[in-house]
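Single-structure report; data block below.
In this document, chain identifiers A, B, C, D, E, F, G, H, I and J correspond to the written order of the chains, with residue numbering beginning at 1 in each.
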Amino acid sequence: MSELKHLGNETNYDFNYRPDVLESFDNKHPENDYWVKFNCPEFTSLCPITGQPDFATIYLSYIPDEKLVESKSLKLYLFSFRNHGAFHEDCINIIMKDLIALMNPKYIEVWGKFLPRGGLSIDPFSNYGKPGTKYEEMAWFRMQNHDLNPEKIDNR
Amino acid sequence: MSELKHLGNETNYDFNYRPDVLESFDNKHPENDYWVKFNCPEFTSLCPITGQPDFATIYLSYIPDEKLVESKSLKLYLFSFRNHGAFHEDCINIIMKDLIALMNPKYIEVWGKFLPRGGLSIDPFSNYGKPGTKYEEMAWFRMQNHDLNPEKIDNR
Amino acid sequence: MSELKHLGNETNYDFNYRPDVLESFDNKHPENDYWVKFNCPEFTSLCPITGQPDFATIYLSYIPDEKLVESKSLKLYLFSFRNHGAFHEDCINIIMKDLIALMNPKYIEVWGKFLPRGGLSIDPFSNYGKPGTKYEEMAWFRMQNHDLNPEKIDNR
Amino acid sequence: MSELKHLGNETNYDFNYRPDVLESFDNKHPENDYWVKFNCPEFTSLCPITGQPDFATIYLSYIPDEKLVESKSLKLYLFSFRNHGAFHEDCINIIMKDLIALMNPKYIEVWGKFLPRGGLSIDPFSNYGKPGTKYEEMAWFRMQNHDLNPEKIDNR
Amino acid sequence: MSELKHLGNETNYDFNYRPDVLESFDNKHPENDYWVKFNCPEFTSLCPITGQPDFATIYLSYIPDEKLVESKSLKLYLFSFRNHGAFHEDCINIIMKDLIALMNPKYIEVWGKFLPRGGLSIDPFSNYGKPGTKYEEMAWFRMQNHDLNPEKIDNR
Amino acid sequence: MSELKHLGNETNYDFNYRPDVLESFDNKHPENDYWVKFNCPEFTSLCPITGQPDFATIYLSYIPDEKLVESKSLKLYLFSFRNHGAFHEDCINIIMKDLIALMNPKYIEVWGKFLPRGGLSIDPFSNYGKPGTKYEEMAWFRMQNHDLNPEKIDNR
Amino acid sequence: MSELKHLGNETNYDFNYRPDVLESFDNKHPENDYWVKFNCPEFTSLCPITGQPDFATIYLSYIPDEKLVESKSLKLYLFSFRNHGAFHEDCINIIMKDLIALMNPKYIEVWGKFLPRGGLSIDPFSNYGKPGTKYEEMAWFRMQNHDLNPEKIDNR
Amino acid sequence: MSELKHLGNETNYDFNYRPDVLESFDNKHPENDYWVKFNCPEFTSLCPITGQPDFATIYLSYIPDEKLVESKSLKLYLFSFRNHGAFHEDCINIIMKDLIALMNPKYIEVWGKFLPRGGLSIDPFSNYGKPGTKYEEMAWFRMQNHDLNPEKIDNR
Amino acid sequence: MSELKHLGNETNYDFNYRPDVLESFDNKHPENDYWVKFNCPEFTSLCPITGQPDFATIYLSYIPDEKLVESKSLKLYLFSFRNHGAFHEDCINIIMKDLIALMNPKYIEVWGKFLPRGGLSIDPFSNYGKPGTKYEEMAWFRMQNHDLNPEKIDNR
Amino acid sequence: MSELKHLGNETNYDFNYRPDVLESFDNKHPENDYWVKFNCPEFTSLCPITGQPDFATIYLSYIPDEKLVESKSLKLYLFSFRNHGAFHEDCINIIMKDLIALMNPKYIEVWGKFLPRGGLSIDPFSNYGKPGTKYEEMAWFRMQNHDLNPEKIDNR
């Protein structure tokens, strides 16, 4: 693991979109399907139109193939949206695509739950399964079953 | 996005049913299936018989095709039911149909959870999948799986 | 809607089983499958053996065909069990059958969650799909998937 | 305890106001101040104007002097409001006064939390301390400190 | 109670500020201090600057002197803010003052919990005790002890 | 129902395993599939090795065939484990088998949620469908779908 | 601590009232006022009239003087009520008095929250402060402030 | 209110500490003591040592004298900590002092609840009452009574 | 059960990884599919890079074949990670593999929910079905259905 | 702050009791009374008799005088109990005394909430106010008001 740059070392924070900070390491159990899930309640970005801060909890889950994302680099990557302007739906798709580019996972999904603006809140969800594999079917399966038991929202 | 009229501009509120305030913009990820969900705890309309105000939380989810609904216009649209008389079941169906007319989505569903009147509360749910596509099957799938874990209601 | 007798008019309460108070009105969206759900936390009846009052929350959901049940008449109907003696399981089946007789719905289900007696509580659930249709299959599907995530009960 | 009529015996239910069913027994610890609290989530009565059923949870607490109320007789007493017409505020005061007449307690308080009618719910609270004793001061103290941390109510 | 105009009768809704709809009736227990509390989760008014709808739950508690507010008239009064423009803090003070004018209570308090705008929510609280009585001291006591255990707010 | 021995009559409690106290009565709706569920938060037995008391909530659900279990006899049966020594897993299997012997149901499942010992808690779940019927397939279906949304446990 | 008989040793369980199993050990911080609290959700006893099992959570708190109760002996003591018949109010007073006899604490309080019987639940609370000390005043202070924010009870 | 710069107008966001954006307006009820509370779940600042983002919910309550803080200016002020480095304890004291300078309130308190770092979370609380008035005594009173019922924290 | 070494006997704790402490015993119901689930909120290990302690709740469920894991030995095994360095994902896979080696179960799954580090928390989930059996298909089924209703995480 | 050794630097973990790792820094607001609170859900120590691990959440609050405890050093200090044997009550008193020695605060309190052993959990609470000051009176005040609203505990 000597190639990991962030974990256990001093940290520099950059608050402009930095997909290059993402790092991966080898999956020691590639023969095995298993889930890795990150809960990220500290996501914040800016509205590209008004410049107003937006806040969200990001739930990010994937089934690794040969690579895993290193958690401290993921944290830095998510922090790099802090002063970056992007719509809610774009944030979720961008995060998913950057992680596909990094790890080439069997399956991945990203769910953002944003705080309300003007009395409405928006929760985008995107997913992906490796084309031509059973994971592609799984992506459809999970798209179809998504959020069948929605959480109660009352803005309080 | 220069054609958007509401976001970032001054707002006029009209409290009579105004489907024309709805605005859409282009989906930047049309190759992708993904969910967009709106949580709307501030819906209120009038009973068409008694004139009494009704209150609901609306949960609105869809898979876009080429268009997305702009969130501020959706807020104005929902606010326009404020002095409009319509039954609970009609509100939900009307909202769904207006959004189909606006966006022609792959799939859409609308769930209203109304506050009780006379000790009973009513929660209508309607959905739609584009006819002749797998989204139509999905609509039936989600109709069949709807609300299998109902929330506990005790009117407090 | 001139034929509706209860909504918006003065009310007389009868606390003995009165299936005849139920009223229906026309479904304006018969081409559409959609759910209507009633949450009824004020149900009370009597134990037919001991005469002791029983209390329950009733969750009632259906997919209408050509008729909908009018909500105020449903309230009066449920109130009419107040001084009526019937076992928990019977209440649920009776309510379901009376509503089938009234509306001939595509699908219906009734779930009662009773308060405990002697440290035990009983939650009967019954459902029905129109015979020979896909709603009959749906009834079996929902029977099979019923209550897979039971609520935590501690009698407090 | 041979004089207790209800506990362990067959029960007859009367659903019209019956303060005479209340029974007391001797306090074995009269030298001691201690609380006895009853939680009663199954209270139901009728609106004296409209005849409509009302539902409440009653919280009843007292510091006994020489007598305690027997719990099964209390249950029968509360059930006897079932077909009795009384306003919310009256129910609470009547219950408190009947229990003072029965037990002559050092202190007593009764809190009713009623289900909403027309979108509003009412929670009356009454208390009493034996005049000329420190329990009278306690009644004022608890009146002054009542409900400083109100529960969240959203009618759902 | 023959003078009550709203309870049990047909209702007309007026959505402009109407303090005159409030009605009172006689307190049958004036010798007694007791609390009456209303929980009102369906309050909505307009922002006087932007015209945007605001939503709140109102918690209203008082110790009656010779009069009580009739609950249906209170509902109509609260509904009359629907199309009325007023700041959050003003709403709470106006409601309190109108009820003092109506009932001349020993003590009264009004707490509004508004849904957020721009990520902030505002919860004004006002109270009053009859000048020159122990209820005036009680007002200061409850002001001093107000909200010592604040509810957790996360805008979801 | 004249043959029922326990309901409405005086009760004797035996705290050693007594499967013979179980009683059944006729199902009045045998043409119908419906669920009956018992929530039993007062289960306690003894560890067969250490003699230490164990505590659990038992969730018991079945689809009746021609018989239903009478609830008071079920309570007595569950109470009879009070001084009986049996492992957690055995309790659940024994209860299921005794009820199969009594009622010969179409389908039955029993879930025990035990309080922790040594920082660990154990939750066994067993089910059964009548061999050679669709209920046998249902048993496998529900086995496969069991506990996909586990409750959060923190031992407090 | 060589005199402690239970902790770390083999255990024999006796399910009949055994105050003699209680053991104490020396308080190493007698110069200091501090609280020790036990949460005991596994209490069960028998009703002395009907023989029916009762279940409760016991909350027990004290400020030690020279002795502390050893926790395993307390567990055995509480288990010894398993087959013992006593009323709810008596259980609480007996437990408090046995612990006063054992430890002679500066202050002690015992709160029992029992599961419902017949739709009612009973929560007795008793306390004690060493006579003639400030702890006696504290007992009255805590008696007066007891349960000002009662938990919500709905018997489910 | 013509002097208010932010409300209803276009907004510029500055993410460096800007106490000058705060604006006040006149209290229309200066004869009256009442509370105004802001719930601010979207506070974020930077650690002055490591540069890492910190997140908090700020609860801010005051009793106005002649001025109130305008809510949109407060929002902009809080947003201005976004790229500012300050310790948790300093943030709370700075916010309180800036608001005292702006409004000269009778009483004010600020409570920050920060998300954990390294498994620990920090919740500073500061308050102030106008010197030489009863509000100064109130500050000590509320300091002494602060957080007597702490929320359960488990870092999930 | 004479061969069990831990249950009911004195215990020695070893806080370095000790898979050899695991013990199994015979399944008395091998003809039956049933679930056994362990909830383990007291898991702690060390980060292999930084040496920092990590904390998790482990949820462990399996369908036994001929062997069951003895619960006290499982506790000792989990305690043996206390001073052992391993990544989150490895802990979960190691635990699963050790239990497969011990019991050769039909099916097993292990879910770890770790406390956050740096604002992110990680929840790995691994499962296994006996190759060439329906349990292998079940593993894929449960992999596909995993965590469709994610718990709300806010790091408080 | 150049003298702080831990914050922002590489960390060595020592899992045996190390009061010397605690560090303080200057209070910049000594003229001001304010609270600093730490929530510490990751505390674990060993039972001094059995060697078994114990787990707790520690709530630690103080009003600083001239010094504050640095949070990373506090974390290391708490981690150093990991392999240290001490009773629950002792842990709480030791932590409080070490922090008094470090900071000489005006007031401090420490509350430990331990996970259950043998069905019982123990929650010790200790506090301290500088002798001869109003903070000493405050210590008694908070001792007297401690835990008047106990959390519900059910060991799940």
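Rule of thumb we're sticking to: contacts are C-beta pairs under 8 Å (C-beta built on N, C-alpha and C of every residue); 3 or more make two chains touch, one makes a residue touch a chain.
Here the structure is a predicted model, which is why all the values come from computation and not from measurement.
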_The B-C interface: which of F-G, A-B or C-D repeats it, judged by over half of the contact pairs being the same residue numbers?_
A-B
*Counting C-beta pairs in contact, which comes out ahead: G-J or F-G?*
G-J
_Approximate Å spacing (C-alpha centroids) for the pair subunit A, subunit J_ = 36
_Interchain centroid distance [CA atoms averaged], subunit B/subunit I, Å_ = 43
*asked:* Taking the mean of the CA coordinates per chain, how far is subunit E from subunit I in Å?
replied: 55
*Please set out, as single numbers or ranges, the residues of subunit I touching at least two other chains.*
8, 41-42, 50, 53, 55, 115-119, 121, 145-146, 148-149, 151, 153-156
*So in the complex, which bits of subunit G are touching subunit J?*
1, 7-8, 28-29, 32-42, 57, 59, 61, 63, 68, 71-72, 74-75, 78, 111, 134, 138, 141-142, 145-146, 148-149, 151
_So in the complex, the part of subunit A that touches subunit E is made up of which residues?_
52-53, 55, 113, 115-119, 121, 153, 155-156
*asked:* Could you list, by residue number, the parts of subunit E that touch subunit H in their complex?
replied: 49-50, 89-90, 92-93, 116-127, 140, 143-150, 152-155
*Provide the residue numbers of subunit D that touch subunit C in the complex, in ascending order.*
11-13, 15, 41-42, 44, 46, 50-53, 55, 79, 82-83, 115
